Each structure stands twice: as C-alpha cells, then as structure tokens.
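Please go over the structures that come below.
First subunit A sits with subunit B, and in the next complex the same chain sits with subunit C.
Coming up: the complex of A and B.
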C-alpha cells in the first residue's frame, strides 16, 4: 500500500525545485544527412518509469541508444545525475540496457550471464555470488541459475535479461521493447511485474515501445515521438484526455474529429458550429481559439452515448445511421454515418447480451456527449 | 523426417556413396596387398606399412607437409578472422565491397597463376630486400596462408553475420572494454567457425601440389610433390599405405571436430 501511495505521490515534474535526474539538452542525431532525432530536450526524474512511444522509425530507439552510449549525438548534451556523459563510451556509463532480443550470451549459463557485468567491476567472488542470487530471486528464477539460455522459454529469458541489467544497480535502466517478444497474455502479466520490480529497486526506467497500451499501463509519464521530435510529454492520463495535437490524439487510441467554426467564447466554454456534424457544440476544455477561427473538436469514442430517443440537451448532439457494429466481447464499436457522410466511432460496454442489444444495424440514432469530454485541437 | 526411403532414392543413395567412397575403399584394401603390383591382389600383408616406415624421403616430406599445413592453417585463421571482423563489423567503410572481393579472390584464381605470381614476388623481394632468403618451407607456408585465408574469411564471416550484434553491445553495456568483448564474447561464439576454418585450411594445405611446386626450394618437397614425382616411376603400394594412414587420421580428426562442435552447441 505504502508503495502504491508513493507512486501516486511521485510527481516530481510538478515541482519546479526538483532537479532532473536524466537531462537531455537539445539532442539531435543525424545519419547520412537524415535527422533521426531532432532537437530533443527532456528531463526525467529519479525513480520515474518513462516511456518513449511512437511508430517505428520515429527515432525513439536512436534516442535510447544515445543514452546507452551506442550512438553519439550529432548535437546536444546528455546529463545523468548531473554528470555530462555525452562523449562517454557505453562501458563507462552508469546505465544498463535490456535488449529487445534479450542478447543473452549463448555460451554462458544464466548465472554466468548475470555475473558478467559484476566481473567487469572486479567485485569479490562471494559478493558476486550473493548479488546474483539476490537478483535471481527478485525475478523468480532461483531454480534456473545453471541453465543455458537456449533451455529457457521466452518469458524466462526475458527475466534473465532483466536480472542481468539490474544486477549492476545502474542509475538508469533502458528497456528496448522489453515485452515485444512475448505473447499477449504473458505480456499483460509481465507489465505489472515489471512495474512492481521497478518500484522495489527504485531505479529510473526508460522504456521504448510502440505499444500504446503498454506505455499507458506502465509509465509515470510518457513522451510521444514523431519524426525525431517529441510531440508531447505528459502522464498517460493527460496524453489520452488532453492530447496537445492531432498527431498525438490519433496515435493514442482512436478519436472522432469534427471541423468547425468558433462562434462564441464564454467564460469556460466555447461554442463551435460544425457543418460536418450538422450541429453546434459546447467545448469545455477550451484552448485559445478566438471567434471566427477554424478548429477541430475531438471526442473519444467511449465518451459518446448512443440512443434511439433524443436526449434532453440541445447542444453536443448529432444524428446518424448505424452502418456497422464491431463486437469485441466486452465492448462493441458502432460505426455511425452522419448526414455529411462522416463516419463516427462510438464504443459502448456490452452491459447486456448480444441478442438483447437495443441498437442494431441501420437504426437511426442520436449521438451525444458532455461538453467537458470534448477538446479542441489546434495543432 | 521420413524413415522409409523409396527404392529409387535408395538406389540413388547407394550409387552416390559408392561413387564417392569406392575408390578410397579400393585404395585401403590394396594397401594390404602383398604383391608389388598395385592392381593385382595376391594376399594379405602389412609389408608396405613396414616399408613405409623405412622410406625416409616419404616420411620427411610428410613431416614437411604437416609442418607447413599446421603453420599455414594457424596463420590463415588469425588473418582470416581479422579480415572477416573488419568486413562484418566496421560498418560500411569506403571500399568495403572491393576489399571483400580482394580477400576472396585467391579462392577463384587458378592455382597455377597464384603459384607463379607468388614465385615472382618471392624472387623479386629477395633481389630487392634480400628476404625471404631462398625458397623452402617458409615460402610454401606463406603461399598456403594466402590461399587458405580466403576460405577462413568466408567461414568466419558467415558465422559473424549470423551473430546478433546486440550480444556485443550488451557486453559493452555491462562494462566490458572492446578487447574483453572480443575475448569473452565474440571469440567463444565464433570458435566453431575458427575450428572448422582451421581444419579446412589444414586440409587444403596438405592437399596442395601446384602452388607448392612453384614456391618450394631444394629439400622442401611436400608429400603431394613426392607422391606426384614418384608416380612417374610407377605407383608403389607404399603410397597406398601412406594414403590409408592419412585417410584414417583425417577421418578421426573430422569426427573429433564434429563432436566438439556439436558439444559446443
């Protein structure tokens, strides 16, 4: 319980007095004239679980490899715990990495793999043995110390790789798609285990992933990357509910967007007239959008209601015809076509069994939502 | 795997293996022939083995061959491994493709040309800088190294390409310096390739007649050279006995190597 509480309270980025633990200052990386990482400035705090999220080729892995010391930045500086490590080689950094392929040494046993890093530090044998034992226990692999990597399952290899990167007690642990090689069920289970281990050892983690669900579940904060740039750095909740750009909104989950014209600005609302939706909206989370400006109003599919009967509200309502229903078991996704021809996605939990579902194909329905659940996208 | 082979496949297999091994089998059998004539069977005898042990020219050439093959194979493994590592691991440096072709060229070059060019080189070098002094075991070893290195490079290169680069990065990341990464990670992982490269080089050197004939000097005739020249005076069953011994040694060597490699996997 105490741990959970600490995790909730851990929001050092809110406090301007906290010094960042990892700091990247205007870091760029160029490969043969192509910018893979473009002027990234980023501060990560002690004990954070930070995720770099983005599609393949967005530069997230390059950024991670620069932190590890496998690539040198073309421009910019990298600080770890206040020390400039920009030009230091990989073997001279207080950083360890868990590789996507796990990179376990095939000619060594599990124990030898884990001890390898400690041996380089010339630590006494007895201490090495103790620390190897300790970390094997942490990842629940005590019984497998004398096995060779090829005798282990994928999940077990993943644990050994984690143990090997943790045993040196680095200041920063980098994880390159740590769960990508596991199947879905094991992945979900491992997500929580990894977070628990991170809380136990108190090491700062930076994870690279293209799986938004993974990033959302595990991270304290995440950075969404696109074409070498960091588009938004925020908590999972903020990134999902208040994306700062159309790119981020589209990348995380699915979202419905309506183009419209701002017709009125009130105290904490703006009024948007959308031809695309055929109606007027109030938007609660109002960005700076003066009267007369063109904006996009975005609403998440699960924040929309769907019903045959007209709701009481006059604004934030639109009408359409159900064209398609995607049944996922726990939820259904309704594809509703508006008069303008636009398809809107609405997700509803399946509170009743399929046969009793009130809304079905070709029904004419009302879609409505609350003003504070929609946002204005300006970028 | 299918356990039952069709009669057709069986026949093909039997003929295939017969084609490969019947001549060798004949040779082994006739090495125990008591007759002086190689083609007529007269009775079982080990006299040719005894005679072999007393034939000093043959034994000396065998010793030279083994010495040359051992040194050449070792040198070729060292140089070939270095070449393979620079080709695979040093990124796309300028002229990599050209360098790659250059290292493997001795493999496709006609042996006569390799031998002749090496002879010209050695003679030229001796005239200009006085080294290597004369021709003999040393020049044969150098020439064989050139030839074998190409094969070793290819074998080791294949293994290195298959090796996950992140293994090296992981070792670096865990605090091992580049030298340590090489000795503790790369070397053990590519060891089977080094071993098979060495054996291949050894066999190639032991087998070579053409290049050795060009660069050999007085008193440095290798076994193939002695055998080849003795054929001009007719084959003695002694050669059969020697060949049988060599085949047995090679077979045992290959079996040990195979067992070692299998165990390492």
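Coming up: the complex of A and C.
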C-alpha cells in the first residue's frame, strides 16, 4: 500500500523539470499510402505504467512495434533515456516485448526460453542460472523450469513470457494485449499481479490494450488512440471525468450528451439552455465556450440521481418516464425517456432488494445532478 | 445386412479395417515382392526359365529338401567391384542430398515467407517439371552438358575455353542430374514444416537480442529439422538405387548399384546375385528409414501435445 501512495504522489508529468524517459517526437508510420500512426508526440516517464488504448486498427500496435524496433517510423524520432533509437533494429534496443501470442520457443524448456536473451549477451553461465531462477520466482513459476511450453496452461505461459521479457532488465517493457488470451477471472487477478511486479522491478511499462477496464485499473496514465492519432493523454481518472472530446467520452464508459446553447458565462460556471433536455444547465467546469455557441454537455450515468419527488434545485433538472431497467445485481441501469424523445441512462446502486426498489417501469421521474459533475465537450 | 457384418466382425469403420488398407497395400506390393527377391537371393543359378533353381524340392522318396545357398552373398563379398558400387552409390546419393538441401532450403524458406497468393504460384512452379517425362528431362541435360552442348558451345564462342570441358559422363553430371530431378522432393516437405512456423518467434528472438543469423540458427533451423530429415530421406533413399540418371549422364565412369543390379539381371542373367545385391541395399537403407520413422513419431507426439 505504501508503494501505491508513492505512485499517486509521484506525478512526473505534472513537473516540468522532470526529463521524459521515453520520448516520441512527431512519429508517423505509413503502410502503402495509409497512415497507421499520424504525428504522435508522447513523453513517458521512468517507472510509469502507460497504456495505449483504442479500438482495433487505431494504430496502437503499430506504435508499439515501432518502439520495439520491428517497424521503422516514416517520420519522426524515438528517444529512450535520451538516446535516439529511431533507426536501431530490434536486437539493438534496451527494450523487450511481451507478445500477444507469447511467442514462446516451442523447442526449448521454460528455463531455456528465459535464458535465451541472456545467452545473446554472453553472460556467464552461473549468472544466467541465477537470474533465470530469480525471475522464475518473481512470476511464481519456480517449479516449472524444465517444462516445455506446450505442457503449460495459458496463464502459466503468460507468466513465462513475462519472465522472459523481464530477465534482460530492459529500460522499457512493451506489452501487446498481455491478458487478452486469458479468461475473465484469471485476467482480473493477473491485472493486479502485473502491476505489483512492475512496481517491484521498477521498469517502465507500455501496454497496448483495447480493454478500457484493463487500462483504467493498471495504468498511471493512458493514451486514447483513434485513427493513428493520440486523442487524449491523461490519468485514468482524468480521462474518465474530463474527456477532452466526444470521441474519448464515448470510448470510455457510457455517457449522456445534451446539445445546447450557451446563454451566460460566469467566473467558473456557464449556463446552457438545452432544448433536448428540456431545461437549463449550470456547468461547473471551465469551458472555452462564448455566449451563443452550440455545445454538448455530458454527464456520466452514475452521476445522475433519479427520484419521484422534485428536488429543490432549479437548474440541472429534467423530467422523464422510465422505459426500461437493466438489472446488473450491484447496480441498475434506468433508461429514461425525456419529453424530446431522448433516452437518458441513469445508473444507481441497488441499495435495497429488487422487490423494494422505489422506481419502476413507466414511472414519471425527475433526473438531477450537481453542476460540477457535468462537463462541456467542445471537440 | 449390418447384423451379418457384425456377426462376422466385419465392421469396416473399426480401426482394424482402416489400418488394414495401407497394411494390405504394403503386404501386397512391398513385403511379398521382397520375399520373392529374398528367396531368389538364396537359390542356385541355373540355365533355363526362370534362371534359378527352386529352394524347395520333393524327392521321389517323399523327402522335402530345402537348399539355402549363401554363396551369392559370399560372392559379393569377394569381388570389390560390388563394394565400390555400394560406396559410390552412397557417396553420390549423399552429395545429391546435400546439393538438394543447399538449393532447396532457401527456396522453401522463400516460398513459406511469400504472400499466400504468390505461394500457390511458386509451389506450382516447383511441381511443374513433373509434367514432362522424367526421361526427357534427363535427356535434355545431355544436350546441355555434352561436348557439343549449349554450355561448351557458349564458352567456346565467348573464347573462354578452346577445348570443350568434360561436363558429362562423370560423377559430377550424375550428382547434378540427381539434384535436378529430386529437388521438388526436398522442397515440398521442407516447405510444409517452414510454413507452420510462427514468425512471431523470429521477432521474439530479435527482441531478445539475437541478430538475424543467430535467430535463424537457434529458432528456424531446429524447428524445421523434421522437414530437413524428411526431405533428405525422400531424396537420399531413391537416389541410392537410381538407375536412369547414372546410365544417361554418368557414363562408364560411374558405377552405381542400380546399374550393377541391372547388369546382373539382364546382361549376366545371374538373378540370384542380383537379388542378393538388392537385399543388401535394402538393409543399408533400412537404417535411415528407421531414423525417419523415429523423428516422425516425435513430431506427432509434439503436435498432439500442442
């Protein structure tokens, strides 16, 4: 827990004096005239766990492969620990990668697989043995050293692949969808293990994933990618609470959006009149929107309240009829239809048992939220 | 009908019947002919038809006399011609196999790494020579290699040589012919194994610091070894007994065992000696076949485990 505390306090990206450890400068990659990665500039700091998040085909894997040295950028530069590695081949970079398919050598035992990278460096045999043992212990696979990869389960192979990429003590470890091949329960368990291992070894991790939950729980910061571009780089909390664009807001979690017209701009509030919502909103987040501009106001479903009785606030309230309820056990998702016909999602924790639930189908309800819980999306 | 079959235990989908077909095939076309050859190799030479004496004879007193004549084998041991023929055959077959491997491996690797659409075309090109007669293709090499052939004519016209090089009627031409004719048998099994390799393994090796050559030696080569063994045996085994290629390209200089057996059968009409030569050759070849078998079993076990 102490280490966790240190991580939260340590936010090198906030400090302008900290030098980035990994730096990408305007990196682009073209495949047959198609831009897979489009002008990406990104700084990652030492001991960070950075995630590249995006749908398939967004260029995140290409970006990772350029960091590994399997692809050369068409434009731009890549620096690792201050050294320009843009043109260096994969075997000459202080970077190791954990492959999505694990890519374990089928004709070698677990130990031989792990020792492979060390043998390339011509490290003495006794040291190789020691380091292999050490890393096997780290991933809790001490007993499986002499097994062949095909004798291991999926989770065990994943550990071996991690051990093999860690044993060379790289400056940067790349993980290509490291948990995609595991089943859900094992994946959740492994997420925390992977973070713990990363904290123990203190190596900078960059992970590619399409699973937002994975990216949120594991990373210090994440970058949301779309069509080869990085749309937002921020901490998981910032990306969720303050998405900088509609794309990011939609990609992570679900969100309600209302179109409206800015009618008043105050110091730290703006007033938006939304016909779609049938009411006026106060938005408590500073937004660069002048009076008269069209904006979209976004509110997360779990930040909305639902009740039969009218709340004693005049702004940020609207009325609707419950059309559908999705029961997920811990929470329920209410689909509320507004006068304009718009369906709004509201998530509420199930504080009481299902039978006692106050709000039910076809009820007329009020929806309301606090001004600081909504944001204005300008892009 | 079914119940009758069941009563007769003739369930044709049972493992017994499934394996019975290849076993029956081997019995009929391999084991029985071999036993006939083996029988001839133990019999006496005689003039007439067939040119050997039967092994078993009933005398008029009702006695069964079985004569096993081992002199055919001892005779082969006394004449060094046969020993040299065997050694020449093994050497030529080995050189041919190495040649096929050196040329075939890069080709198979190239095909395996080509895009799927190109692969089909390249594999077609490998098989294409089979569409013309084997004999015709070997004859064509005479036209290329002979003193008046294309190579010598070209070199003389270019003024590089004044007298034609002796490219034909020697071991060189025989090995060349074997490489040319047996190359597809090397490429196809090699390709089958190379194509199966996950090339992410190669990237993983680079990632762990292996240069391309090391990555090849430590990853691709060991994983393709079953293909190398299969291809080598498919070339080596028939090449040892090869008759047509040394006959047409080897001249009198090259004495391969296939040609010796032919001479014994058809020129000298000493069938028992020829049969004994064939039996000895088979014994020589059983060894590599056994190795092949063992590797295949290993491979099957490996694939089962996957």
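The criterion applied here is as follows: the second predicted complex is superposed on the first by the 377 of 379 C-alpha atoms of A that agree within 3 Å, B and C clash if a C-alpha of one lies under 4 Å from a C-alpha of the other, contacts with A are read in each partner's own complex, and residues count from 1 in each chain.
Here is the rule we go by: contacts are C-beta pairs under 8 Å (C-beta built on N, C-alpha and C of every residue); 3 or more make two chains touch, one makes a residue touch a chain.
Since we're looking at a predicted model, the values are computed, not measured.
With subunit A as the common reference, the superposed partners subunit B and subunit C clash. After overlaying the two complexes on the shared chain, residue contacts for A:99 are found with subunit B and with subunit C alike. Legend: residue contacts after superposition of the two complexes on their common chain; A:82 is shown touching neither subunit B nor subunit C.
Of the two partner chains, neither subunit B nor subunit C is touched by A:290. Contacts of A:151 after superposition on the shared chain: subunit C is touched, whereas subunit B is not.
With the contact threshold set out at the top, residues 68-70, 89-91, 95-97, 99, 101, 103, 105-107, 116-117, 120-121, 164-165, 168 of subunit A are in contact with subunit B in one structure and with subunit C in the other. Residue ranges on subunit A touching subunit B, taken from their complex, read 68-70, 89-92, 95-97, 99-101, 103, 105-107, 116-117, 120-121, 164-165, 168. Residues 198, 200-201, 203-211, 214, 218-219, 222-223, 302, 305-306 of subunit C are the ones touching subunit A in the complex. Contact residues of subunit B toward subunit A in the complex are 164, 166-167, 169-177, 180, 184-185, 188-189, 264.
Within the complex formed with subunit C, the subunit A residues making contact are 68-70, 89-91, 95-97, 99, 101, 103-107, 116-117, 120-121, 148, 150-151, 164-165, 168.
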